[in-house]
Amino acid sequence: MLSIKNLYSGYGKLRVLYDVNVEVPKKEITVIVGPNGAGKTTLLNSILGFADVFSGKIYLDGKEITGTPAHRVAQLGISFVPQLGNIFANLTLKENLIMAAYTLPKKEVDKRMEQVLEMFPVIKEFFYRKAGTLSGGERRMLSIGMGLMRNPKIMLLDEPSTDLAPLITKEVMRTVKKLRDELGLTVLLVEQMAKLALDIGDNAYLLVSGQIKFKGKAKELLQHPELSKLYLGIKE
Amino acid sequence: MKKIFKFLLRRDVLIAILVVIAFLFILLSSGFSLVSSILIDASIFTIITLSLNLETGLTGVPQFGRVIAIIAGAFAVGAIPGRIMALFMHLPAGADYANDAVNYKVVPVINKLLESNPALSILVLIMSLVIAAIFGAIMGWITSRPAIRLKEAYLGISLLAIGDFLMWVGHNWEPLVGGTTAVFVPDPLRAFGVNRMVMALIMTVVLAIISYIIVEKLNRSPFGRTLRMHRDSDLAMSVYGKDKVKVRTRSLVIGAALAAVAGGAYVIYTGTCTAISFTRLNWTFWPWAYMMLGGIGSNAGVVLGVLALAIARSMIVIYRGSVFGFLMNWGIDPIWLEYTLLGAVIIIIILFLPQGLVPEKTETILPFERVKRIYEKIIKKK
Amino acid sequence: MPGWLASGLVYASGLALTSGGITFLYITTRTFNFAHASMATFGFYVVYTLVALKGGNPYIYFPLAFLFGSLLGIIVYFILNRPLLKRKANEITLMMSTLGYDLILLSLIQMYCDYLTHTYKLYPRRVTMSVYDIKIGGMNASTYFAPITAVLIITALSLFLTKTKFGIAMRATIENTPLSEASGINSDKIYLTSWIIGGGMASLGGAVLAMATTGSPVLGMNLIANMFAGAILGGLYSIYGGLFGGFVVGLAEYAIVYWLAQSLGTWVLGYRLAIPLLIMVVTLLFFPRGLAGIQWKKAFKSLSSEKGEAS
């Protein structure tokens, strides 16, 4: 569904990604793992237009979307859940969800809200509270819920495990799995917690210093003798 | 041959040629006195804009209060040298010196003495400018205190407001410089046998040249490099052990002293000190436009910017009746076009020419030839 | 009601509107709008022209002044602000560009005054709007209408920002622009709207201010430092802070000058700029986040807690 070809991108004079090729097939979880500073977030930023694309192309369902402004990318069905700053702290939870579904007509919004509230009952509890008062795990759930509000074709998740207790992280990963299994969504998952991500992923890419060092099935990377130890800290 | 042609087509060279042509044109059509008044004006504003370039272009401080230092110098020259002379001549020298009725009689008496005494005149002139510089430096130091804590636009707005306030103080506090009725300034320019305007021209041009030498020397010195470090990243500069506060303070003090001298020279030239005339428009915003046109960071650019815009401004005045006269059909005075020009210049530069006419060149520390020789020496040794 | 309070309320309301506009433009576009000065003056001249030439009371023309200001805001957005925002220009550049616009507007205002004098034999350079004011109970109506105007605007803004989808989107963009864009919100439209609102508030504020001070081509120019002081006191964080900050600065100026003039003499009037200046500098140096930075809830709690109660 999403194709990234020969991508060179960065920020202004700073070059981050070199000749990156990524394929994100439909209804599957594609995982991007790698050490800190490898450029994982930059990859997602490039799709949204938050990073500068120096050369290369990005395709959604065959149509080129390189350089499209962020709000248009969102309208095309790509739902981005950032690592940080992924909720509107000063807005109530209800307003957050309304904003997340900004591009949808009112009837759709009501329908989606029902579905999201079903999946994340915790949101219903705090519906009229300001989002900034939520705990870390609750915020994470809200941000994924917001991502879902848009009825997206594909979800981009940037390190959803950040700042979360291990128990909550497992919960989050379970939710991501549900996105694929129950909702049939396509997911591009960027993660630091390599093992957890590769456990639920279908395809995997290893990104190191701006370049792809491995491309294949998630299970393969998990069991790869050198790479898993070297870059991912995965013990046998 | 091709090299000369390419040189002539450079933006700044073209403007310089246009400026010279314009000057010749004005000389031939309106005579020397207009040319000299434009040059005097341009010289004074060259000093002011060079000082602004030092603080903003080089050090990166948003100096929207340039008028503060100018006021310091102007008011100092308006208030002090006259009183000192009056004291020696047993004339009123206290608070009432600045009183309308008193000042009107006292200063001509002082001027008569100066007229017949070249040595005394030179003394008074130098003393006035030194006093201006001192007060400017003090003001520069005072305004450097908020500059420590405040950043960017907030600092700019604060300095602007302070400048406004000082103007109102001068306008309201009569003992200072006469309040609403202004004071006369003793005139040391009459004692030298030539036309007063010529003396003023010599004085301001000499001061402008001296100022240019000072800022250029500073620019190329290690201090200049430190200033540019401050502009580009004051955090990195602190890491290298340079004290951010000291650097800023020094730059602001020197800049203020220069601008104050210009302010003092201006009131000597005009012979009066009128507080309300020191508006932010004339003494802060126009210098900013000069600096932006010339190229932030480049002193040669400043000179070019001042000359080009000073001529453009005077064109409006000269052709007020003829080219722009059609506006009078609706009762509109073309003089307002000066504001339009100022606004348009600022906007056009920001949108299309942010580097100005003379962009700042990245400097090599050593001349290229030496670098080449060092390189060869090391390679040869290998 | 004492005279200083009657005029002071008008002045403070006008300052509130302009400071609120400056704050709103800053929190959305990072631009300190220097052109607020001449936009305010334009608002005054819209009202003055219509009152002088067509008659009626000034208040019926207030909405027109707002619209004119919005138009001025739209112009500067498309010509200057938008290209510079795309270029990621820094705050000084953004502010300087509005300065250029302000100067051009000023020149147009001056020329317009010349034109009015020549064609209609008016004296637009020194206008006392209270002459055109209606009287309520022996006092100028402006004492009531000015604060009412401010309250109306506050109410309208509040409804807009909390009850409409686009208003919520504005708040979202102010807080977190990348996230709002990733949600499909077009920040271009948000910025344009903020200039429509901010510009309108500037001109409306100018019309209100003119009811208390002398109307002249430099009305806005003379008060721009006060407008910024109000915005800075408010903390440049929320539009309500700006409105409140402007009101406080305005009222404080009138009250303090009146009190000082009573005890020291009328000469203090010439130095009135010291008050907003002092407020601005003190705020910047000691409370950089302004009134918005003070933890109001905590302050009230500590005042009202009983002995032995844990905080």
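Should a chain be cited, it is by its letter among A, B and C, assigned in written order, with residues numbered from 1 in that chain.
Note that a residue touches a chain if its C-beta (ideal position, glycine included) is under 8 Å from a C-beta of that chain, and two chains touch if they have at least 3 such contacts.
Note that the structure is predicted; figures quoted are calculated from it, not measured.
*Asks:* Under the document's definition of touching, what chains do chain A and chain C have as common neighbours?
*Replies:* Joint contacts: the list comes back empty.
*Asks:* Quick one: most central chain, C-alpha centroids?
*Replies:* Chain C is the most central one.
*Asks:* Which integer distance in Å separates the CA centroid of chain A from that of chain C?
*Replies:* Taking the average C-alpha coordinate of chain A and of chain C, the gap between them is 43 Å.
*Asks:* Rounded to a whole Å, what is the gap between the Cα centroids of chain A and chain B?
*Replies:* Distance between chain centres: 57 Å.
*Asks:* Determine the centre-to-centre distance between chain B and chain C, using the mean Cα coordinates as centres, and give it in whole Å.
*Replies:* Chain centroid spacing, chain B to chain C, equals 33 Å.
*Asks:* Going through chain A residue by residue, note those that touch at least 2 other chains and give them in order.
*Replies:* Residue numbers touching two or more other chains: none in chain A.
*Asks:* What are the residues of chain C that contact at least two other chains?
*Replies:* none
*Asks:* Under the touch definition given earlier, write down the residues of chain C that touch chain A in their complex.
*Replies:* Per the stated touch rule, the residues are 165, 168-169, 171-172, 175-176, 178-187.
*Asks:* What residues of chain A sit close enough to touch chain C in their complex?
*Replies:* 48, 50, 69-71, 73-75, 79-80, 82, 85-91, 95, 98-100, 102-103, 146, 150
*Asks:* Given the complex with chain B, which residues does chain C contribute to the contact?
*Replies:* Where chain C meets chain B, its residues are 32, 79-80, 83-84, 90-93, 95-97, 99-108, 110-111, 114-115, 117-119, 225, 228-229, 232, 267, 270-271, 273-274, 276-277, 280-281, 284-285.
*Asks:* What residues of chain B sit close enough to touch chain C in their complex?
*Replies:* Answer in residue numbers: 62, 146, 149-150, 152-154, 156-158, 160-162, 164-165, 168-169, 171-173, 281, 285, 288, 292, 327, 330-333, 336-340, 342-347, 350-351, 354.
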